[in-house]
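A short write-up of the structure that comes next.
Chain nomenclature is as follows: A, B, C and D, assigned in order of appearance, with residue numbering initiated at 1 for each chain independently.
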Amino acid sequence: MLIKANKTVVGGIIPPMVTPLLSDNLSLDIKGVNNLLEHLIAGGVHGVFVLGTTGESTSLSYKTREQLINESCKIVNSRIPVFVGITDTSIEESLQLASMAKKAGASYVVAAPPYYYGLGQEELYKYYWRLADSLPLPLFLYNMPSHTKINIDERTVVRLSEHPNIVGLKDSSANTVYFQSLCYLLKSKPDFSLIVGPEEITAETILMGGKGGVNGGANMFPKLYVALYNAAIAKDLARIEVLQSLVMDITTSIYTLGSYGSSYLKGLKGALATLGIIQAHIAPPFSCFDEKEMNKVVKNIKRIEKEIIKLL
Amino acid sequence: MLIKANKTVVGGIIPPMVTPLLSDNLSLDIKGVNNLLEHLIAGGVHGVFVLGTTGESTSLSYKTREQLINESCKIVNSRIPVFVGITDTSIEESLQLASMAKKAGASYVVAAPPYYYGLGQEELYKYYWRLADSLPLPLFLYNMPSHTKINIDERTVVRLSEHPNIVGLKDSSANTVYFQSLCYLLKSKPDFSLIVGPEEITAETILMGGKGGVNGGANMFPKLYVALYNAAIAKDLARIEVLQSLVMDITTSIYTLGSYGSSYLKGLKGALATLGIIQAHIAPPFSCFDEKEMNKVVKNIKRIEKEIIKLL
Amino acid sequence: MLIKANKTVVGGIIPPMVTPLLSDNLSLDIKGVNNLLEHLIAGGVHGVFVLGTTGESTSLSYKTREQLINESCKIVNSRIPVFVGITDTSIEESLQLASMAKKAGASYVVAAPPYYYGLGQEELYKYYWRLADSLPLPLFLYNMPSHTKINIDERTVVRLSEHPNIVGLKDSSANTVYFQSLCYLLKSKPDFSLIVGPEEITAETILMGGKGGVNGGANMFPKLYVALYNAAIAKDLARIEVLQSLVMDITTSIYTLGSYGSSYLKGLKGALATLGIIQAHIAPPFSCFDEKEMNKVVKNIKRIEKEIIKLL
Amino acid sequence: MLIKANKTVVGGIIPPMVTPLLSDNLSLDIKGVNNLLEHLIAGGVHGVFVLGTTGESTSLSYKTREQLINESCKIVNSRIPVFVGITDTSIEESLQLASMAKKAGASYVVAAPPYYYGLGQEELYKYYWRLADSLPLPLFLYNMPSHTKINIDERTVVRLSEHPNIVGLKDSSANTVYFQSLCYLLKSKPDFSLIVGPEEITAETILMGGKGGVNGGANMFPKLYVALYNAAIAKDLARIEVLQSLVMDITTSIYTLGSYGSSYLKGLKGALATLGIIQAHIAPPFSCFDEKEMNKVVKNIKRIEKEIIKLL
């Protein structure tokens, strides 16, 4: 069934919501979900993206994913659009998640490429076209080559932008040559939203034509990222410089404390716990920072919090 | 709950069973499953591995996976051991699949590393240890770096071999320096089974200490691979040479006809359809070979079939 | 021998000069070098970088590299600074090239990591420190992970920035999260120049703290890239938008016409030949575009040239 | 100029000779070269390969490479064939090295793909064909994807095997599916020599059709590897098992002591110094093991030496 999507331009700060978990590292912490969503909405975010990479979607059971979709949509209660990640290796499971999202009242679904097998671009194109044909909600493509082993190449995105149900792309590649190419090639389609993942480059990409940021740090400090977005939209370069410095402080003092790529998630959840918003529990295959690293998180996030309060 | 596994050495030809699908490319073809399993058992295989990479496990819905586990175990009816793939990004889903496998009467479970996030070796070690602690069946590790983005390093395997519930490793890396290192490092644990995936190297690895092959081609010609295994166990190098030549004929004339890595699966299912065993349907994100490539499969597989019949 | 470098901030548009070759695809076309350098200087560039990746340095014999260093410095005659690539797998050859550069009157040397063996970050750090200790000219680090297989990690750059003879970094990774991290971490060292390679992101990185661009397209249209640089320095976002569009036109209609990564070089040299500046010959392992692709280059570059003339 | 090579099958143990260096880590230790070559020849090796990856070729100056070619050929004095590595990013430098090799009396040249730029298979094919056309000595292809970023695909090898001056391939990929495919596809050309690099898989590949091993460990214990080769040629599986165990002991206790890939080279040169054959100096970008790691090398190599003496 083909839904003609209303291709209003989507943009702004859309935090990839972390998934609050209880101490078994598996069960949803519903109180935490409520705290976090109210914190985000109070912070002025333009939408929220549940079940993304930052949301540990792939580490959660399907039961927990369903619960999170339902609880989030209920709490948000249409105050802001909810984006639901349906990335999966099985198209049936993706469609099932999309169906839940639709029923719960979400606005968009987001899908990275199926990520077990290696695909060719033509295979990827056909996959997305078929998926979009069957979805009950408009689809954002999600480029995440470091995790999926495939880049959604520029030409593939351009071809897919022809589908009435595909309304944008979230790019987490950090490769801004790629992002600039998409901005240029899709100039004639201003209703196709190009949004980046990394908060470190949200400002610069908005200055060059991007529409927003799916920024993990906005879980902690939604106002900071909204302010950065507003400065970028207003082309206020002086303001950007001040705010960008805080964003980079977070990157360099919270996200990179451990030995592995998982430091980002561990730092983010550790900081959220320090700020009293949720608990720090993380689903397997990861686990929380140990005490030594947490001490650093605590010290750094308190310093950063003070600076942000001073500024906003 | 920790189960003390009976570490009998496991080995032989254990085909990674393709999953027969109906023409919607999604639903299980139960008649096909029956045909294929009877074909395999009649061919003398030493076990069967369902829900592996060749079995398109990650492309199937969980409902279909459950159905396949139940149907396979019922059909096999304890005539040979059933290995069930429980590879998943969510540990809860892996445990759920394992529980189904146990209930259905399977003998072993097989798990590749969680494959969405990038992991460090220490994270991987802890993940597997925790998984093995909770499993109701003995576990085979499954090394598949091209798909999971992580190699289970030699030292990690050695450490994991200490777990009473981890009984072996299936290596699909095709890197025989790695495999030889494992054979050497684990010499003192002869009950820890080291098995390779690629059929092209089953003979040579058995000659050097390997215990068997999880060979995709055995779906088509189980007798060929069993004969190769027997020749390798008997150290009959002349016989190996003859049989290996047929194995390589399959590799070079069936598995590599298309443009992408998916050619292996497309060729294999196309050949099985030609041989009248199952239909050729493939789950998204892939699709069957088109007519032009299928014509080549038909021509080649008929030639190869004749040669095999002559020989066995 | 340790030279205390004069760490004046280096920046602006510094084209990575293509190396004009004669029809044997090996010998230096000295007339071409002269034409191209005069074209660049007339175009207002702030420096020129010979023997970089765009300059096919690694494909040239050492005799040709020496000749190019000497001819370039003679022609430039101190009108602009000359940067000389000394990237090599042998430290002795790097030092030899640097010695030639010094003698010829060049201003800086540029070195990517040794690119045959895989290195660890600590090994890379020690290598660069030792190299910088022995160089007769100030050194720019050159991050080019796609070609060298190693990223010069942020912490390694910060540590190397302590060396009195290391004055900046050219980043060709296209990863602006990395670049933003460096801008932030090195804020206290404003005389350490951070410059990007890709022309597609020169404007945005300058807006965020970058110092310039080593842009291949400036070989063709130096005035365009200088104008873009000036607009970025002036924070003139409206002007940037207009000029960026032309830059992206070049990227999408000249650099990506063929099947391989070499399309960039083939397109660039083909365009330069069309513009009458040099001949299109390319050193092995590459070769020029064939007629079909060249026809597209000719058509596209003429259209772009007209638009640029209209605008500048 | 096209030389019709005498395609005698080449095989056996052909050690990739380490390059003995003086304490400046750059200059050739001629006495060491003499010691090592006499040690190898006394050990019964079937040839020697200078200027390979183990020989640190790319880290040496061209002057040193020339000196090594000349000294080696003089010392060997036609007692065994000398293979000279001419791998280079510049075809002119490769041809220059080949010319020196020819003049010095070497028998073969060996070339891995040019390794700075990324190439396509068609570009690689044309490059090798052109190179082989101009070489004064027969050429071995050298597959080394971990270092060169490109695999010489099976079809490319088959096409290149048609060139009268290309006589074999040394495969250091450790991927024996690839190697088996080549053995099968080139069965009709028994004079095209397929040889592996890694000593861990020399025995098994010879059992399956390979012709020999370019084994680094043969620098230390040439007799061990020659004995292993002889056992494999004789299909003496019991003897292989005993010898293979020693080979794996070296791999696991000498080559993998440090943190990086360079551990292989550091362990090998450290062991050779312990055995009194050469000094342990290594050219940049690497350096020797420090004392702590060297103590382990010393202890392990002495234990292994005793076991080898007992056995041979």
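Note that a contact is a pair of C-beta atoms (placed from the backbone, for glycine too) under 8 Å apart; a residue touches a chain by one contact, two chains touch by 3 or more.
All values derive from a computational prediction rather than experimental measurement.
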item: Contact-graph separation of subunit A and subunit C, given in steps at minimum; value: 1
item: Centre distance in Å when subunit A and subunit B are each reduced to the mean of their C-alpha atoms; value: 36
item: Averaged-CA centre spacing for the pair subunit C and subunit B, given as whole angstrom; value: 49
item: Multi-chain contact sites of subunit A, meaning residues that touch two or more partners; value: none
item: Pairs of chains found to touch, sorted by chain label; value: A-B, A-C, B-D, C-D
item: In the complex, subunit C residues that touch subunit A; value: 154, 174-178, 180-181, 183-185, 187, 198, 200-201, 203-205, 207-208, 235, 237, 240, 244-245, 248-249, 251-252
item: Residues of subunit D touching subunit C in the complex; value: 26, 53, 58-62, 64, 89-93, 96, 113-120, 122-124, 126-127, 130-131, 146-147, 149, 259-262, 283-287
